[in-house]
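Notes to accompany the following structure.
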């Protein structure tokens, strides 16, 4: 049988794949957002902007220094993560203890600065970034064609999520993080340098976003607005999935990506709004989110 | 007479605009067990929190082996060799029992090893993989004490360790504390249970309304027991 | 407790009187200041104060208020351009449309609080953005152009800048007066009680959610009024009117001008609009500079300009610290 609901199987499979790829970006971003929110109680609006900075970082390395994809994949997250950590240490830290609104506002301001800055430097139109040699081409699977790069993105993103999960749930460092999230003051009294831990966490969360940016560079057009369009969707995902759960964020992100892809097949105009409709539904039926275990209503 | 390990002079503390401690003078000698007795709200827990830096609005002086604690950042007090057991035990729900035990970093040599602690508290070994808060109250108390014994801290601050525990467990904790004193630990104990305190400790401070209302050794406490107990509302 | 410079209330009233007088005189002095510029300022001032009704007064942060402003603009455009109705009907339609949208979005958003509420409003506003992007009559990126100013009540020709100016002035002042009225009415007192201690308000028997929703709708409606007026002034309704950048701008105005007072955000609006007007000549710098100002504002001026000037001498208005 080669058709489902009147659509050829290859089309559906293709869109499922594309949706999965998008879902992977959503997953890495929502993971970073969830971790930062869980530990620092900051809604990091700038997450999308750092994603964009990661993509631009890869592009700039390629354009101005001739540095290739594989090096960028390692170097750019480290650099951007360091910038993020510096931002936390110098500015964000001062808002600790205040209403989380201030953190949202400060990071919103940062988005304007980053987006405006990049637009000034490179203009609004997208810059192309080549797919690395070793990942070009595609594999014929019979029911669909699988571009190798997209398969790589899925593998890399999921590995990233798995690694993060393992780090947080199964290592002593992760134990310190979880402890600091649950009881910050007590954890500090044991001699654990919690402020440093928070800075590092923010830096790593940002590095994750930048990593996703490098992954995205060959697929999306590298342009200053690429982050904000994504971050609002990620916000919706996090509302749907529930803020308290890392696992919930990842699963929801992947599912949303696929659902978005399917919507594009059958009713393409709605594809950009379907996630918000879903969010509205979840809010009506299950306000805590699908996997939510966060206390604050 | 051993030298003073913890010296507190004229300690005043505030929670926001309200003052909780009004000029506390206190001394704990090395190897002693000292109890802070007093009614609810007298300021005993606040005193411990001031030493740990958890209460930040403080004036006066707190010295550990001559070293000023007031100027330290909150995470440096633990590193200076002070172990703290809060009155709600402070066991983490998001950590397993073993992770709870291993969380506080080792700050000095001489702390007990994981194996020694599992031997001292066998219940913990059996439940090592459960979430911290799945333990019973008594087990959580044991865990809270055990984890600071691993760090090498020589001054232990315990806030109401026997609260809400069955007599059998209270006795067990008493045994542990006596054993610790034998090993050379210095312990400051906040207690409502006067009997427990009387049997165990070397000296007692009576705290009332944020001030030191009296200081006596065990003999003096025994002699005047009923009057002291009355003041505590027991 | 530092003593801050505080203006006595009498001085504030004098300042307002002077400002109103100056505003009345504006159309007669086009060499001094361009009336269309002031009209934009008035619209944004109303928008910012309407927004602050929810944020500063109600303690509810919405991050999607552009949805109300922009949809009212589009609705007004629809009414006057496509349906050929007179401008006052167009404005009414836009305002009511915004109110309806406010009821819809508000009822969903109020189910959560704080950060979650903000994120929900952002996401829903984004949905509105996409809707307007795709609907046929909105003209997508070009926007709905050549919205006719028409004749007010079929009589007064609003193509005369002067006439339109006074309409905008009257409506803005009316809107601000309404906000002031609401703040000082019994309804306003209940809102304050809810803001300061919601559980207690609930236990006293107040239908808290209904109060919040009413406040939301009010804020949305007045934001819509601002948007409708703006559509007539510039004869244009565009996607920038529903973009989240505008939602952010209005937060900045409230923050900058002062969230603690009714008219504070109007000052913030004046600053931001003027800034954007003058920076526009420098192209891409607008976003960057706005962002920098935003960040500086958040870090230092947490009560904004008006708050710093008129705050009582002690620190009772300091931002609430989260207990750990």
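In order of appearance the chains are A, B and C, and numbering begins at 1 in each one.
Here is the rule we use: a contact is a pair of C-beta atoms (placed from the backbone, for glycine too) under 8 Å apart; a residue touches a chain by one contact, two chains touch by 3 or more.
Because the structure is predicted, anything quoted here is derived from the model rather than measured.
The minimum number of touch steps separating chain A from chain B is 1. Ranked by distance of CA centroids from chain A, the top chain is B. When chain centres are taken as C-alpha averages, the shortest distance to the whole-protein C-alpha average belongs to A. Centres computed as Cα averages put chain A at a distance of 45 Å from chain B. Inter-chain centre distance (chain A to chain C, centres taken as mean C-alpha positions): 32 Å. For this pair, chain B with chain C, the centres built from the Cα atoms lie 55 Å apart. Chain A has residues 185 in contact with two or more other chains. Contact residues on chain A toward chain C in their complex (touch as defined above): 41, 43, 91, 94-95, 97-102, 104-106, 108-117, 119-120, 184-185, 228, 232, 235-236, 238-239, 243, 269, 272-273, 275-277, 279-280, 283-284, 287, 296-297. Residue ranges of chain A in contact with chain B, taken from their complex: 172, 175-176, 178-179, 181-183, 185-195. Those residues of chain C whose C-beta lies close enough to touch chain A in the complex are 61, 63, 108, 111-116, 118-120, 122-124, 126-127, 130-131, 134, 244-245, 248, 251, 255, 284-295, 297-299, 302, 319-322, 324.
Residues of chain B touching chain A in their complex: 52-54, 74-79, 84, 86, 90, 92-95, 99, 102-105, 107, 148, 151.
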